[in-house]
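Here it is, the structure in full.
All chains are identified by letter, namely A, B, C and D, in their written order; residue positions are counted from 1 within each chain.
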Amino acid sequence: MTLALNVEDLALNVEELSDYLSEVFPEVWEDFAIDALTRDTVNVRLLTDDRHLRPGGTVSGPSMFALADVAVYAMVLARVGRKALAVTTNCSIDFMRKPEANRDLIAQCRLLKLGRALAVGDVLLFSEGSDKPVAHATLTYSIPPRG
Amino acid sequence: MTLALNVEDLALNVEELSDYLSEVFPEVWEDFAIDALTRDTVNVRLLTDDRHLRPGGTVSGPSMFALADVAVYAMVLARVGRKALAVTTNCSIDFMRKPEANRDLIAQCRLLKLGRALAVGDVLLFSEGSDKPVAHATLTYSIPPRG
Amino acid sequence: MTLALNVEDLALNVEELSDYLSEVFPEVWEDFAIDALTRDTVNVRLLTDDRHLRPGGTVSGPSMFALADVAVYAMVLARVGRKALAVTTNCSIDFMRKPEANRDLIAQCRLLKLGRALAVGDVLLFSEGSDKPVAHATLTYSIPPRG
Amino acid sequence: MTLALNVEDLALNVEELSDYLSEVFPEVWEDFAIDALTRDTVNVRLLTDDRHLRPGGTVSGPSMFALADVAVYAMVLARVGRKALAVTTNCSIDFMRKPEANRDLIAQCRLLKLGRALAVGDVLLFSEGSDKPVAHATLTYSIPPRG
């Protein structure tokens, strides 16, 4: 899939998106940061901390789920703007490798569909510095009618 | 599916299972409790607390994922015993209704397959006292070779 | 989950449902039959034939997918009636055992959610006469606005 | 994800792969063709015919599932060679747009993991000539032990 790099269709830029996420999810968003944003992609970082780890020193499954979920949510908000109240309806996630404990986790999200009622994105998760994905997730968000 | 109620195939009973989970996941397991266990089913409870909630007073997606994941993990351990080091390889979860904030979340897990290498279970999640599921998840665990 | 057995909420009974499916999918529906229908469950049968088999004599993956898809579709139509034009938006399916070649495949479908816009059902597939599921699937249907 | 373009890790080239698929699935494979193959990607084409269509002139869900399944299977075989007997254990598929009836359907598959026991690939499906995906699927294959 060729992804256009223009940003003219974005409703929010990186700064506006970060501000909005800090505002609506103050305690959740402090774990995350946006690395890059285009009209069809966003890279979101999990600032890995002790509370995201499992015994044995690996990032926990719920933390990986949370990162994938936040990445697609950020992508949808970047397109539909801060009025939206989108909710996750489905997530399928494959855990493929063990993440490294002392590195941030990077989500590379692609927006696959942005319809009137449903948005679909997929996400590859990487330990920073590695090119082998630790997990892959696909999420659907339901977008409430506007107006 | 008719589920046999005998427990003779269980490698661990409720107490042994709880003890083992407390031992291997001390900080994680304190959020959970086992309500019931048969050879094919387990009910696991999330002791809902402020840290599981989202603004608006609903249980967060990662907390629901964590409960579903723990429920299938507990089911697999109850059958294969405490030597096993099973890992989640796949989860598909549908979020269907908003959980209530001030109630525990109950996972009703069925073991659908216990093979040599892979186990599959599905889970319905309910806010305690309600019979309408808030989420449904299916998980696959990879079971490492014994010996 | 306790499933109520009353049928008063059904928009179509078994005969009306079969007739409608024959009418809208004439070539597809001839492979299937409805065994049982309640307000929350439907059992649908794949009349297994040579064209559903793979070399080695097992029912093919696409045939199992088709049966799961048809079962949830039939369940949704039984509730919303023949005016509806529902479409599958997501399916997650786990293939757990090899189906037997010379037996019909039975889908046991549960309706988990029937919302205004989305319906979710899950399905266990069995070779007739066996109580070990060969596959489990969860499907989401998008229901277009009425009127 | 940067995908290396070298083919030295391939166990089978396009011709060997096509021959093997024709040999093991003679009736299934005649609907498909391989457009391109690298060590991490394969493009597979569904030669769309009347029997893949639904009333209203769109490619059926089972046909889309079959294409995604075949694409990941071809990818795995290209890497592990013709001795392997891999089986699908899980598929999650999102149907996002209506495919066009009179065009071939193209699967773009990426190999996300090739482990000893499990392989994971994801697939975007496009109607030929369009850059908007009609579906996205992720599949897991179980690879039996060698030797």
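In this text, contacts are C-beta pairs under 8 Å (C-beta built on N, C-alpha and C of every residue); 3 or more make two chains touch, one makes a residue touch a chain.
Computed from a predicted structure; not experimentally measured.
Peer 1: Higher C-beta contact count, B-D or A-B?
Peer 2: By the number of C-beta pairs in contact, the winner is A-B.
Peer 1: For the interface formed by A-D, which of the candidate pairs B-C, A-C or C-D is equivalent, sharing more than half of the contact pairs by residue number?
Peer 2: B-C
Peer 1: Just the number, please: Cα centre separation of subunit A and subunit B in whole Å.
Peer 2: Chain centroid spacing, subunit A to subunit B, equals 25 Å.
Peer 1: Take the average of all CA coordinates in subunit B, do the same for subunit D, and state the distance between these two points in whole angstrom.
Peer 2: Between these chains, centre-to-centre, one finds 33 Å.
Peer 1: Indicate the residues of subunit B shared as contacts by at least two other chains.
Peer 2: Each of 89-90, 92, 94, 96, 140 in subunit B touches at least two other chains.
Peer 1: List the residues on subunit A that touch subunit C in their complex, please.
Peer 2: 89-90, 92, 117-118, 140, 142
Peer 1: What part of subunit D is in contact with subunit A in the complex they form?
Peer 2: 1-2, 92, 94, 96-97, 108, 112-113, 115, 120, 122, 124, 131, 133, 136, 138, 140
Peer 1: Which bits of subunit A are touching subunit B when the two form their complex?
Peer 2: 24-26, 28, 54-55, 60-63, 65-66, 69, 87-96
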